[in-house]
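Reading through the C-alpha cells given below for one structure.
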C-alpha cells in the first residue's frame, strides 16, 4: 500500500431560497404562514433597530456601534430555530439574534450607549452578554454544552462568530474539545467576507470556513447566509442532531457585511464600492418578501404596517432607555465579586 | 484524622466536595485514569466516572470550557498541569472569568477553581517552576489562594470550590510531599481572605506564603519574629497585617517570584500607606532575581535562600 | 520641524526606521491598506509594500510570528489592535520572547516591538481601555515603555525598535490626538530606562506616565511639585526617582490601573526600601478602582480624577 | 443549486518500506548506499544516546528525560532531508533531530542535566532550543519562514510537534498565517498516539492529523512514521515545494511512543502492555536493516561495528559534558537582556 487514500470529505453549500424568491420545495423547512410572517417582521424590526442605532450614533447619543445590515437572515434564521432552553453565546454583531430571542430592545440601546446594565439578560433568556474579544467565547459555548450533557438536560449551546473569529486559537481549542466529547453545540460562523479591512481570502487560505469542522471530526456545511430558509434549516437540523447525541456542527453562513465595520470605521478606505453593490441583489429581506408575495401572504400594506409598528416600537424602546437614566457609579465596584471586599468598601466610600 | 501530605489533602478535599455537591466536576490534562502528573486526582475517576474529564492539550480551551460550565451551573475545578502553562489562559481569566459577573451585572457568574502546581523545588525542565502569582492578583474579579500545608490546603480548597467567584489556586510543588500533618477527615473550610499568624513575635513581622513560608520558619532562629502566612493573596488580609506591623514596627516580605512588580511590592506599598508611622525600619523584600527562572543546576540561586532571609532580618533589626 | 500629534509622531518614527533599516517590518491586523484602526501606519504600506503585512485575527500568532522573524534576523514591529487583546499574547511574551536569549545563552535573541493602544479616554466598548502595564513589568527579559507626548513617542519608539530585546510599547489612546507639539524630522532617540523630570519642584515628587501625566500636570497648581514622567517602566530609572525623593521627601504615584499589584506598588516599595529615612510622609498611590474597567457611562469614575490627585497631594503635604 | 458540493479532499497515507523491509521501488527516494549507511548509523547513534540518557537518569545524573524510542525514523528521516541553511524549531522530544543535524551530543546531555548552556546552538546550525510549552513554538517557524521569504533567501523552516501539540491554539494560528502568506514552512507532527496518558483518539476526533492542513488551505499527508524512506521523501518533497514558492505542508508521521512519556511518567497506569508489543514489529531500525540486508549492504559485523562506535562516541561525549563543569551562577542574570540593568548589576553582586 504505497499511497493510499484513508479519508475523504466533501463540503456542501445549501441554498433553498434564491434571489428571485423561488424556493426548492423538496427541502423547504416546515414553516407555517405565521412563522413566515414572524420571520419577516423580525427582519424588519432588526433592520429598524439597526438604522436607529446608526442614527443615534450619528447624533452622538450612542457609542461605537456595529451594524448588522445584510446579515439579518443569518441571525434571525438561526435564532428562530432555537428552543427557549438552549444557550446562546454571541459575538458582538448579533443584535438580530438578541431581538429574535425577545431580548428587550431598550436594553440593547442601553448597552451600546456604554452601560453594562444593558447586558443583564432577563432571567427567562439564556443568552450571554456580548463578547468583545473576537473568537474567545467559543469555548464558553462548549462548556455550557458540556454542562448540559453532564446534567442530562436536552439542551444545546450555540455560538456565533465571524470569519475573523475562526482564526483565533480559542476557536480551534473550543471546537476540538467539542468534537472529542461529542457535545451538543452548534457553531455558527457569519462569514460576512470581511474582518474590518481584511478580506475573507486573506483571513484563511481554505476555500470555505465550513471545512474547518473536519479538523475536529464533525460536520461542517456552508449555507447561503442571505437565505433565511437555508439558515433556519441547517440550524434546526444541527440543534436536533446535537440534542440527539450526534455531536457538534459548524455552519458557515455565507453573507456580506453591507455596512462599515463599525461606526468607527470607514470601509471606503479598503473596499471597492462595486463589491457592495453586487450584494444588494442578494438582500435577505427582499428575498423573503418575493417568496411571500408569490405565496400570497405579502402585500404592500402589510409591509407598511409592519414597518410602522417596528418604527413605533423601536422609538418607544428608545424612550424607555432614556427613562432608565444613568447608572450608579458604585456599580463599577459592586459586581466585581459576589460580596464586597474590605478594600472595596473603602473605595466605594471614596467615589460616592 | 490521619497524617497525610498535601497531595493527599487536596485529593481528599476534591473527593469530599464531589461527594457533597454533584455539580463539582474536574477537567484537565491527564486528570482521569492517570490521576494527574502529581497524582492529585488519583482514584477519583473511579469514584466519579461521569464527572472527571481528560481534555486535549489546550489550556485556554480548558479554562474557557470551565467558564461555560460555571456559567451554566456547574462548579468546575480545572487543572493546569504546571503554572508555566497557565499563561495561555490569561485571556480567558482576565477578559472573561473575572468580568462575567460585572459584564452581566450579576446575571451570570463564574464559580470556578483553576488549580495548578506552582513554584520551584523539584528541579524540573524549564517553565515548571513559575511563581507569577502577582499577575493574577492584578486582576479584579479573580481570587488568588496559596496553601502552605496539608491542613490549610484542604480547608482553603473547600472554600475555593464553594466560592461564588473564580479562584486561582496555586499549589506549591515543593510542598506536595514534603510535609505530613494531621488533617481531619471531617469537613472544614478556611475562609478566603484571612491570613494565618503562624508564630507570634514582637520584633519583626515576616510575611510569606506557600513554600517560602517554610524557608522563613527555618531562618528565624534568634529573632523574635511574628510570621504570617497570607494564604489568600487576593483579596489579602489587611487587618492581620496591620495589627502585626503596628506591634513589631519591622517587616520582611519573602517571595520566590522576581522582585519587580511581585506581590511583595503590593504588600510593601500597602504597609507604607497605612502604617508608616509605626515603622522602625524600611519594609524589605527578599525575592527572586531579575532574571528568567533557571533550570536545575542553578535553581538554588534564584529564590530567597536562608542566608538572604537572615540578612534581611538583620538589616531591619539593625536599622 | 512641525507641530504634530502622537499618531503622526509614531507614524514618522516607523517610516524613518523602515527607511533606515530594511530589516524593520510591520505586522498586525489592518496595518496595511487601512492604516490601522488609529491610522498609525497610514501611508506606510504604499511606501513599503513588501514589508507591511496584514495578518489574520490571531494575536498570539502575530506575536509568535514576530518572535520567529526576530530570531531569524528581522526587526518586527507588531501591532496589537488594543491592549485588551494582548492577553492572548502573554504566553508568547512570557514563555518565549522574554526567554529566548537566556534559553539559548545568547545564541538567539528577540529584537521585537509590540505596540498597542493603551488606557482609557475614548469611551469605547469593553476591553478597549486596558492599562495592565504591571503584568509586563513582572516579566524579566521584557522592556515596557509608555510615551506621554508626540516628541517622546517618536524618540522612544526609535530606541525600542533598535533595542536588542523585546519591548512592549504602550501608546496612551487618549493622547493620540490630544496634544500637538514640535517634533523634529531629524533622527533622535530617547534612551530606554531614563525618566524625564517634566517639572522641578521641592515639596513633593509626583510619579506618573502616559495620559495620567497630563492629569497630574492639571492638578498640581498651588503645589511645589516635582513631576517625573517615567517613560520606561521596565527597567525604570531608580536614580532619577531617588534623587527627587531625597529632595522632596514626599511622593504621590498616579496610575490608571487598578491599585492592587499595579506598577505603583513597585515604585512605592522601591522608595520605601531605598529612601525611607528621607520620607516625611507615606508614599501615596492614586490608582484605578478595584473593579473591572467600566464602559463609557461610568468611565470617568474609574481612573484617578483631578480631585483624587489633589486630595493625595494635600494628604502628603499635611501629613 | 439546492445542495452543491463546493470542495473535496482526500487524505493520503504514504508507505514505501514495509515491515519486512520491502520497498516500493517506484517511489523510492534517491538515496545512495552511503546515505543508507548514514541513516542506519544515525538510527543506532540516536538510540544509543537515548538509552544512555535513560541510564544516566536512573543513576540520578540526569533530570527528567523524554525518550525517543520508536520515533527515530520520523526524526532522522525528516532531519536528513534538510539543508544546512534551513531553520528547525523542535519541540522537546527531538533528540534524533539534533543528532542528525550534528548538534554536539555532550551539549544535549548538558541540557538534560538542567543546564541552559546545552541549548546554546553552535553558530553553524540553525536549530532552535527545546520548546517546553507544547505547540507554542509553531508560530516561530512561521515567523522564520516569513523572514526568509522577505529577505529572499531560499530557505525553509521546519517545525516539529506531537499529536498533543496539534490541539493548541498556537498550532492553529501559526498554520493559518502560514497558509495565508504561502510561507516556506513544513510542519511535522510526530503522532506517537499518546500525549502523556491521553490516547490519540481523545486528543482530537478527526481521523487523521494530516487532514487539519486543509483548514489552512494547504496539503497534508500522513506517512508511516516508522518508515524512514516515506518520512524522508515526504519531507524532501515538502521542503522543495516550500522553497519553490508552493507554500506550507503538514506531514503527519504515524508512529508510536514505545517508552513512558518521560522518566517522570509510568505508562503502565494507563496503557495496556499489549499495545506496545504490537508496535515492536514496526521498529524503524529493524525495517531499514532488513532492507539493507536484502540490498547486501548490511552484515552483522557492520552493525556490531556501528554499535561499538556509537557506544564509545556517546561515552566520550558524556565525559566531555562532565569536564565542562558547572555553570556560573551569574549566568542566571547575564542573559536576561543584552546588557545588564542597574538593578541586575546590584543583584549579581548579591549572589556572587
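Note that the chains are named A, B, C and D in the order they appear, and that numbering of residues resets to 1 at the start of each chain.
To be clear about the criterion, contacts are C-beta pairs under 8 Å (C-beta built on N, C-alpha and C of every residue); 3 or more make two chains touch, one makes a residue touch a chain.
These numbers come from a predicted model, not from an experiment.
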{"item": "Between B-D and A-B, the pair with more C-beta contacts", "value": "A-B"}
{"item": "Whole-Å gap separating chain B and chain C, where each centre is the average of the chain's CA atoms", "value": "30"}
{"item": "Separation of chain C from chain D, taking each centre as the mean of its C-alpha atoms, in whole Å", "value": "40"}
{"item": "Inter-chain centre distance, chain B versus chain D - centres from mean C-alpha coordinates, in Å", "value": "36"}
{"item": "Where chain B touches two or more other chains at once, by residue number", "value": "56, 58, 60-61, 84, 87-88, 91, 95, 102-103, 126-127, 140-141, 260, 289-292"}
{"item": "Contacts with 2+ other chains: residues of chain A", "value": "116, 132-133, 136, 167-170, 172-173, 176, 180, 202-204, 331, 335-336, 341, 343"}
{"item": "Arrangement of touching chains [line / ring / star / complete / other]", "value": "complete"}
{"item": "Interface residues, chain A side, partner chain B - complex", "value": "87, 89, 116-117, 119-121, 123, 128-129, 131-133, 136-148, 150-151, 157, 169-170, 172-174, 176-177, 180-181, 331, 335-338, 341-343"}
{"item": "Complex interface listing, chain D residues touching chain A", "value": "1-16, 24, 26-27, 167-173, 176, 179-180, 182, 202-208, 211-212, 214-218, 222, 247"}
{"item": "In the complex with chain D, residue positions of chain B that touch it", "value": "29-30, 32-35, 37, 54, 56-61, 84-85, 87-88, 123-128, 260, 289-292, 294-299, 301-302, 308"}
{"item": "Complex contact set, residues of chain C against chain B", "value": "60, 84-85, 87-88, 90-91, 94-95, 98-99, 102-103, 126-127, 132, 134-135, 137-138, 140-141, 234, 257-258, 260-266, 268-270, 272-274, 276, 279, 281-285, 289-292"}
{"item": "Complex interface listing, chain B residues touching chain A", "value": "25, 50-51, 53, 55-56, 58, 60-74, 76, 91-92, 95-96, 100-109, 140-141, 143, 164-165, 193, 235, 238-239"}
